[in-house]
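Okay, so subunit A shows up in both of these, paired with subunit B first and subunit C after.
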Partner chain A sequence: MKLEVGTFPVHDIVFGTQTRWQDGVLSVDKDELLALVMEDPYIAWADIDVTRPGDSVRIVQIRDIVEPKVKVSGPGVTYPGISGRDVTTVGQGRTHRLGGMTLIACSEMPGFNPDGAHWWGTTSVEGRSDITFIDMSGPGAVTPFAHTINLCLQMEPHQESYADDWNRASNAAVLKLNDRLAETTRGFEPHEITTYDLDYRDNALPNIVFVPALASAEYRFGPRTSLGTNVYGIGRLTEPWLLQPTEMIDGAVFGTYMEHFTWPIMETIVPHLCSRHGQEFNFVGCIVVRSNWEAQAEKQLMANRAAQMASALGANGAIVTTNQRGQRFVETVLTVQALERVGVDTVLMTEEEDNENGNAPPLLMSVPEIVSAVSTGTGGVEVTFPRVDRVLGLRQPDPIWYEEKPPIHGRYGVTHLHDFYGFGKQGCMDF
Partner chain B sequence: MTAMPAIPLSVGASRVVRGVRVPHVCGDPALSEDRDHELRARIVTTALNALTTPVSTPTLFEPDQTVLEEVAR
Partner chain C sequence: MAEAIRVVHYLNQFFGGMGGEAQAYEPVQVKPGPVGPGRALQGALGDQATIVGTLIAGDNYFTEELDAAKPAVEAYLDELRPDAVIAGPAFDAGRYGLACAEVCRIASARNIPAVTGMHPDNAGILTYRNDVLAVSTGTDSTEMVAILRQMATLALKRVRGTELGPAVAEGYVPTGRRQEVMHDKYGYERAADMLLARMAAKPYHSEMCLTGYDDVTPAPPLRDLKDAVIGLVSSGGLVPRGNRDRLVGSKAEQFFKYDIEQVGSLTVEEWESVHGGFGTLILNTKDPNYAMPLSTVRYLEDAGHIKQVYPQFFSTTGNATAVSAARRMGGEIASELTANRVDGVLLVAT
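For the complex of A and B:
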């Protein structure tokens, strides 16, 4: 597949009377965008704000983070399959992106589905500092989103909403804004065009695959749920998906699983490997392993199938990532093992567990086949987060959200950073 | 007793009994009541037998077999 990605840099976002991109400034008509969002009867309240790097702002209650993208030629739509969008195969033609900015959706998350038995978990534990929030300035501004201009869409569901209904509504709202904002670039020549020609192969170079293990929400919400990370809108536990890297750049993998957002899986390893395709290696595919299978034999089978796919693609090397600790990590480790056993040199890239002052192993599970690994830290941010002037994400934030927050010690289950793809700004000395 | 024997074996646990699945380690709600009871008894009996079995390396005990499987670390 061959995909051109045209970048339109965004140096600032301002509110104005019309929505347009011009000379690096994205002007947005707030009333127009809010009217689009409020078309949906599930949404009781919405507001839009802009944050810039260096602002004394804390963003809380984050539901998802995406980069605005639109297909201007070639089949399909960006972020396919989500909330009823077309499932035509993407990854070809030309995609325009608004660079240097993100679209962040914030809302409370209803905890339950109609059967009442399944709890999504909550992101609204007032005052807890270890859950996900983004500080735009200060020593705790270590996420990539502290260094981008962010358009924050804040929403509130009707009180009676269920988790799955609300997820569909908030995803649809995010993608309406994505489409509207990125559409402003249609008809203009991009500032910069990057061409990913994955049809070209240099047979003298090794073949590389990217194998992200992505947790499925099926075990909790059933096979038809919209919740969690989806592939073309499907989140259920399936055998591994084979995707072209350019499909991932167009948003074939989308959705938030707990605090794992869309942006990190799309905008880190995949475009980086694409940019080196044909020069240092051939990037021959992405194999998405769904994790959260409940029996070890099932996990083993999925690992075996991923290894068979890599083998059939002629892969010589693989980068394996994970996105959730606990039993989800078993699929990841078994996949590394299976790949090594079919002769694919594999590197595991993951966050580490807290080593409890040297008393605990850095990985939940280890096998001799893990011969090379890249650590992306422990998830800890060992600094004090200073008091902020503004809090975005809620209609009436609890005063506790403005206060100074204590350092976050990396430990099992800490969700503040969730850097499984190496996007953080911290070095090894910080951990 | 665990649905994921690979984890305790990799950290060197002495005796590991394979359970059923993560949400129901010691039984299977998909089975009839009688079959489920039989399975539960088999798993627990395997665990009790494991406790009285001397081991020198991490060892996996399979409830559906009476033989022991030595697992290299």
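For the complex of A and C:
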């Protein structure tokens, strides 16, 4: 597949009477955008704000983070399959992106689904949402989103909403804004065009695959759930998916598992591997392993199938990642093992567990086949997050959100960075 | 010039020049100054440190007569007052490696920096990984001089209080401690670089040394359940409804015991799960016995398939539990069960 990605840099976002991109400035007609969002009867309230690197701002209750993208030629739509979007195969033609910015959807999640299944975190004593926030300045401004200009879409559901329905509404709203904003670039020549020609292969180079294990929420919310990470809008447990890297860039994987976003897949690791395609290796495909199977045999089978796919693709090497530790890590580790056993050199890249001062090993489980691993740290950020002037994400943020926040000691279930794909330079080493 | 750093070197009978296996029962003894490889070590230390004495002991003596060997080493260290202790290197010699590790531990307990050298799979490392700073060696003792040089460098750094970098950069065997560093490159770049190196059979350094996993041997099966008292342990977050003990939904550090002597089956009126890591809808609205099948076990008891169900069950939440907390709770539960002559345990994983 061959995909051209045209970048329209965004150096600032300003509110105006027209929604348009010009000379690096994205002008936004707030009323127009809010009217689009409020078309959906599920949404009781919405507001839009802009925050820039260096602002004394904390973004909270983050539902998802996306880069505005639109297909200006070639089949399909970006972020396919989500909330009823077209499922035509993407990854070809030309995609325009607004570079240097993100769209962040924020809202509190309703606690329950109609069957009584509770959304993640609602029964935990320590809620994960308390540590999933983005500080735009200060020593805690360590996420990639502290360095982008962010358009925050803040929403509130009606009282009686259920988690799954609200998630669909939230996704639909953020993608409406995605379409409207990225659409402003249609008809203009991009500042920069990157061509990913994955049809070209150099037979002298080794072949590699990227194998992200992406957790399904089916075990908790049923096969038709929109919660969790989706592939072309499908969240259920399936055998591994084979996707072209350019499909990933067009947003074929979307959604968050808890607060683990797919932005880093689309915007960091896959484009990076694409940029080395044909130079140092041939990037021959992405194999998405769905995780959260309930039986050991199922986990093993999915690992075996992923390895079989890699073999069929002629892969010599693989990079395996996960997007949630705990039992999901079993599929991840078994996939590394299965790949190694069919002769594919495999690098595991992952966040790791709290070392507990030398008393605990770095990973939930290990196999002798893990011989090349990259650590992205524990997810902790051991600095104090200073008090902020402004909180974005909620209509009336609790005063506690403004206050200084203590350092976050990373461990399972406590990850501030959510860095499963190596977007940061932090990592743990053996001492 | 500051006074030279005082170093004590430890060697086994072979490197100490006493002989081979025939001398393996030689007790701990001291010789003044450097001995054998100690001369090369002194060369590596240069004028920065002086080997004030060499302790020598037979490999068998040290490992088999540990109760005598340890106080002897302690006494010599008190007498020689070293600023640093250097032991070995032991390469892949297991008994020697254990002795070197013991000597280092004795020194560390006295706040004397200690360095040894051995193969990462040496018994000394496998036994005392967390306690010992050891230069990583191969199995080839012809590398002795280079290894001694590395040991000298590390020992001098430790004496001077210089913070050590990662194991792979400093050349020591990982001690099990993980620490965060900032790399020059992003994780995804490092992953691609590492993969390219591996595929080209070039050297690379994995960022994780996957050790420290407990190797738990399963208990042998009970021969006859008819005579067995069975204990029930659940990590499913099961508590009497209302959760009077406030068992947490994740990151538990406590377990609780609940009386089930008069209970035939867990009901949703009386029991609930507070587990935060899975959907508890069925447990809490239909049947808590899925998380701990008391009703089934009672049936087996009534039918005489098992002798008795232990009158209390042990409950915690297995969700994001720290390894050290899990290890401690497991030990405490096991002690109580064994002290009360429980023959077997049904541990329901969730």
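FYI, the second predicted complex is superposed on the first by the 411 of 431 C-alpha atoms of A that agree within 3 Å, B and C clash if a C-alpha of one lies under 4 Å from a C-alpha of the other, contacts with A are read in each partner's own complex, and residues count from 1 in each chain.
We adopt the following convention: a contact is a pair of C-beta atoms (placed from the backbone, for glycine too) under 8 Å apart; a residue touches a chain by one contact, two chains touch by 3 or more.
Everything numeric here is computed off the predicted structure, so don't read it as measured data.
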**Asked** subunit A superposed: clash or fit between subunit B and subunit C?
**Response** clash
**Asked** Who does A:F8 touch here: subunit B (first), subunit C (second), both, or neither?
**Response** neither
**Asked** Taking the superposition as given, does A:E294 touch the first partner, subunit B, the second, subunit C, both, or neither?
**Response** first
**Message:** Quick one: is A:D419 in contact with subunit B, with subunit C, with both, or with neither? Answer first, second, both or neither.
**Reply:** second
**Item:** Partner chain in contact with A:Y162 - subunit B first, subunit C second, else both or neither
**Value:** neither
**Asked** Of subunit B and subunit C, which one touches more residues of subunit A?
**Response** C
**Request:** May I ask you to decide whether A:V333 touches subunit B, subunit C, both, or neither, giving the answer as first, second, both or neither?
**Result:** first
**Request:** Check the residue A:P361 against both partner chains and state whether it touches subunit B (first), subunit C (second), both, or neither.
**Result:** both
**Request:** Look at A:W263 in the shared chain and tell me whether it touches subunit B only, subunit C only, both, or neither; answer first, second, both or neither.
**Result:** neither
**Message:** Please report the subunit A residues shared by its interface with subunit B and its interface with subunit C.
**Reply:** 219, 361, 366
**Item:** Partner subunit B, residues of subunit A touching it in the complex
**Value:** 219, 294-296, 299, 327, 330, 333-334, 361, 364-367
**Item:** subunit B residues touching subunit A - in the complex, by the definition given at the top
**Value:** 3-7, 10-11, 18, 20-23
**Request:** Enumerate the contact residues on subunit A facing subunit C in the complex.
**Result:** 115-118, 121, 123-126, 206, 208, 219-221, 268-269, 272-273, 276, 280-281, 316-319, 326, 345-347, 349, 352-363, 366, 370-378, 380, 382, 411-414, 419, 421-431
**Fill in**
Listed in rising order, the residues of subunit C that touch subunit A in the complex are 130, 164, 166-168, 174-192, 194-196, 198-200, 204, 206-213, 248-251, 274-281, 285, 319-320, 322-324, 327
